[in-house]
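We just call them A, B, C and D in the order they show up, numbering each chain from 1.
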Amino acid sequence: MVDLTVEIAPGLILKNPVLTASGTFGYGREYAPYFDIAKLGGIITKGLSLEPKTGNPGIRITETACGMLNAIGLENIGIEQFLSMELPLLRKLGAVVIVNIFGQEQADYAALAARLDGVEGISALEINISCPNVKAGGIQFGTDPAAAAKLVAAVRQATSLPLITKLSPNVSDIVAIAQAVVEAGSDALSLINTLMGMAIDLDRKKPILGNTTGGLSGPAIKPVALRMVYQVASAVSVPVIGIGGIVNQRDALEFLLAGATAVEIGTASFINPQSAALIVAGIENYLDRQGCKRVVDFIGSLEKNPA
Amino acid sequence: MAGIRCWTLFLFNAEIIDKQKLSQGIFRLRLKSGKDFCRAAKPGRFVMLGIDNSLFDPLLRRPFGLCRWHEEWFEVVIKNVGRGSAQLCQLEKGGSVAVHGPLGNGYPQQKTEEGEVSPLFLVAGGMGIASIASYIFSALDSNQSLTETFLFYGAASYAELILLNELTAAVALGLRIKTITDDGSCGRHGLVTQILAAELLNNSQARIFACGPEAMLKSVQKILQTGGNEGYLSLENRMACGFGVCLGCVQTVFAETGAGGVETAKVCTQGPVFPARKVIF
Amino acid sequence: MVDLTVEIAPGLILKNPVLTASGTFGYGREYAPYFDIAKLGGIITKGLSLEPKTGNPGIRITETACGMLNAIGLENIGIEQFLSMELPLLRKLGAVVIVNIFGQEQADYAALAARLDGVEGISALEINISCPNVKAGGIQFGTDPAAAAKLVAAVRQATSLPLITKLSPNVSDIVAIAQAVVEAGSDALSLINTLMGMAIDLDRKKPILGNTTGGLSGPAIKPVALRMVYQVASAVSVPVIGIGGIVNQRDALEFLLAGATAVEIGTASFINPQSAALIVAGIENYLDRQGCKRVVDFIGSLEKNPA
Amino acid sequence: MAGIRCWTLFLFNAEIIDKQKLSQGIFRLRLKSGKDFCRAAKPGRFVMLGIDNSLFDPLLRRPFGLCRWHEEWFEVVIKNVGRGSAQLCQLEKGGSVAVHGPLGNGYPQQKTEEGEVSPLFLVAGGMGIASIASYIFSALDSNQSLTETFLFYGAASYAELILLNELTAAVALGLRIKTITDDGSCGRHGLVTQILAAELLNNSQARIFACGPEAMLKSVQKILQTGGNEGYLSLENRMACGFGVCLGCVQTVFAETGAGGVETAKVCTQGPVFPARKVIF
């Protein structure tokens, strides 16, 4: 028996290092027919805002080479409906719940954090900073270390819940952003969110997505994600959660080797709803065969190349 | 967990027990499944199908209507229109397909309890027949009457009027069929919506089930508005997951709460069949 | 007959919009057995430096989902050997030659540009700014608008050849860099270079590449490339050359729709050495069937989504 | 340009005219080709093979040694070790493979002109036999003598000593064969380099051609250094292009110019066969 427990924030110990990525696991309920979602390290909800949001018009998804673009537009039911209609079921199912939050300006994030502070059945917040900051003219919070740090500090003020900041990969220097938000009080980091991409319908001479651009996810982005996780995990001392193109246990284990304390499964759950559960079993099996007793001994154990 | 079964949802690799070419680039696959799967099947429901290998191109599964089923198999009809469908069409008998389903709501029951059954107009354009046919095959296979049921079936040409032979068997149960082709190679020359419009003039009671290209469904919707008939449209929005988690397939609809409010509905779980009056194209 | 000619810099008219991407076409000679390289819009050489460079040790390439990582380390024969041993053959073969240059510091780039100024048979320079600036502590020239602009200005001073600046995609705001280098005198832009990625050998617990990280190319990156080309082409008034994951004429045409005046074929040439030639033929054929008489009418003709 | 032929390089889709399982996960494919292709084939040369579809996973072609050829076909032996080889091994007779080649230099000619032929030791470890066998099959198919030619062939077990039966036919031409297996299931128990080391003691004149895992080649190199024999190693570095343009496959070697200088050589075009003394592992 391998000890799969990991601590992803001070005091927040998960039974295993497998979480689900925001926006790919609904509010959890949809997966209950496929496996016992309490068996996961935890589930991360669809991104929630203060008010419900209808998302983008037109075509929202399109497949690309080994990946997909989405332009859902952060459609969600809003925090209140989540708390009243979804959270009770998740608690009954026994899932460890991490709520992913986003807003249009800093005050939205702080208000969400304050609202969720002390709510039973919520284990942590994941802050999605890959959102345009309406107040600052639409520049993403996530691409500027100072703006990101300010945002995280405001959220930190508003709640005593463990904070995971989810980083955007569309930046020149992800380590600088990572360090800034850790400095500002983030207990952990998760990365990567989607890469910004675009697809064109040649014959119609139009962008395929209603929103023109969208977020690229899936196996195509795994090399970029792995590189960023490796760089960030080498540079900060808080836990890092790896995300990006993970479809099986081997992918997940590679992220752990690179220094991730846990992983999130995204697009893979669309292809096979059981992916996350299969990955938990696969990690256990692999480590067992390797004679590794505790997953924490495996984490970050990548050998470095000679300099 | 290699193959699961929970409530009425199945996730398994199915063997292709038969493959048939119906027309240029259109194939019917018969896939092996359990009885429970067939019990959960329903006219208008669909499955997400994928290639059973560990490669990631194509990445996502693709949605296909359940066309017919019987105890230990079910059939889908697939038109090769792109990378995903091409891969599926290339598989041979003995090969394996990754199946997830049955998914979606399916067509509403015909209210037979009130004695009087209102006439039912089934409207199929092109590949929409795969879904519409499921209604007819289901009646045929359970020996249900199809009196007062009309199939209006349009396709580009005679060659693409697939399944017509088999559907004709339902004439014995009362089904009446009218075909129309873009090029006039079978039945009338024109679009299936022309038949519908003409027939509705004499049938203010008829209910309509329609499946086909978006342009056709739009036109059906307009015709229904004029006639005031009740109708259902089966939509084919792009899907990533098929079970309600990605929000990729949503359709703008009039909100249930009335008052002209607008909301989004997931085609995969709240559809693919929607009351025609709800859909906002 | 479709008129395929395009002007990619003032006075530099190519017979068609298909070029080859640096580092994927050798010095051109290797492709001569496969097709007449004079039939291409032009060929772009492997990146050249003042002195020969041996490149990175260890494993240099690895395949990823719909892509590949390379860590060649800019191995090249050096500018002098190129001029004496390779250029004469290219001239004999009738190819339009664009030389890709890079250096460790600004002075290297300027020296290369000066050396190539006025050399017969060279049509333009492509400046690879995705290189660590040794003098500035290893920060890439390509991630800082000011540094990139200074570099381009220095090269501009040193030569009268048309200048194409090749942009790095590993940045927060590619439009800012694009505008800065155009301001500094770049006649055209080409993008994207590779995305920085990493791959791990799980069973050996080691990075696969000798250099740990490498550049991601191939179909996997096409959505990111297309998005950046669209953004940059919408923002600048100089010609933009699209690069990234183009494997067939449809991909190439999508880049043209997005606003690229020409494209470069990279990884695809490894899979099929004839790719670039097939794409020229494919573009011609497609436009012909569309009744489009001049490729320039097609360029940038993407319909915009309603705002 | 669908299939091209220039000088001695070919780019075409080849039909699989035969497929044979040689051992668990090891298959031999016989592919249709033109006579000109076979004329350009040579022991030790290789081809880049890809799947003939428009999907991008796997993306790159994979290198495989030319094992045998004859007028209108050639054979490769493929071990399923990963995604690319798995795809190729799954193809069936009648299927199609994208071929690029022949590529690389191949083994040097034996100098037969000076009358005296020095003994030749062929050393194969595991799948290295595919390349080494090409030398023997080539002699067999052109009825060349193989006197003073020795094959030392090692594999994990008897089951993996593939091609052994067919190679035994060359004994009639003078070939002598010694096998060794890791588990002792056929021939001696141990590594093929042990045979080589023992045999070299009595053969300071012997030339060596070796192909196999890197660890084996390193060991062969060391043995040759001790004995002072001339030898050639066939390397299997990872390749992206196979024709000299990506610089992905390079091997560090001693520079031709001597004086201990070091340079890189492309395994695909300057190799895959290198003088053992040049290679710096």
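Remarks
One rule holds for everything that comes next: contacts are C-beta pairs under 8 Å (C-beta built on N, C-alpha and C of every residue); 3 or more make two chains touch, one makes a residue touch a chain.
Bear in mind that the values here come from a model prediction, so they are computed numbers and not experimental data.
Between A-B and B-C, more C-beta contact pairs join the chains of A-B.
Between the CA-based centres of chain B and chain D the separation comes to 55 Å, rounded to the whole angstrom.
Once the centre of each chain is set as its mean CA position, chain A and chain B turn out to be 36 Å apart. Inter-chain spacing, taken between the CA centroids of chain A and chain C, is 34 Å. Centre-to-centre separation between chain B and chain C, using Cα means, comes to 47 Å. Of all residues in chain B, those that touch two or more other chains are 54, 56-58, 83.
In chain A, the residues that touch at least two other chains are 65-67, 218-220. Chain contact topology: the protein chains form a complete graph, every chain touching every other one. Looking at the complex, you find that chain B touches chain D at residues 54-58, 83, 87. Contacts from chain D toward chain A in the complex involve residues 56-57. Contact residues of chain B toward chain A in the complex are 1, 4, 6-7, 9, 11, 50, 54, 56-61, 83-84, 98, 100, 238-241, 243-250, 252, 263-264, 269.
Per the touch definition, chain C reaches chain B in the complex via residues 65-66. The part of chain C that touches chain A in the complex is made up of residues 58, 64-67, 69, 143-144, 170-173, 195-200, 202, 204-207, 210-213, 216, 218-224, 226-227, 230, 245, 250, 253-254, 257-258, 301-305.
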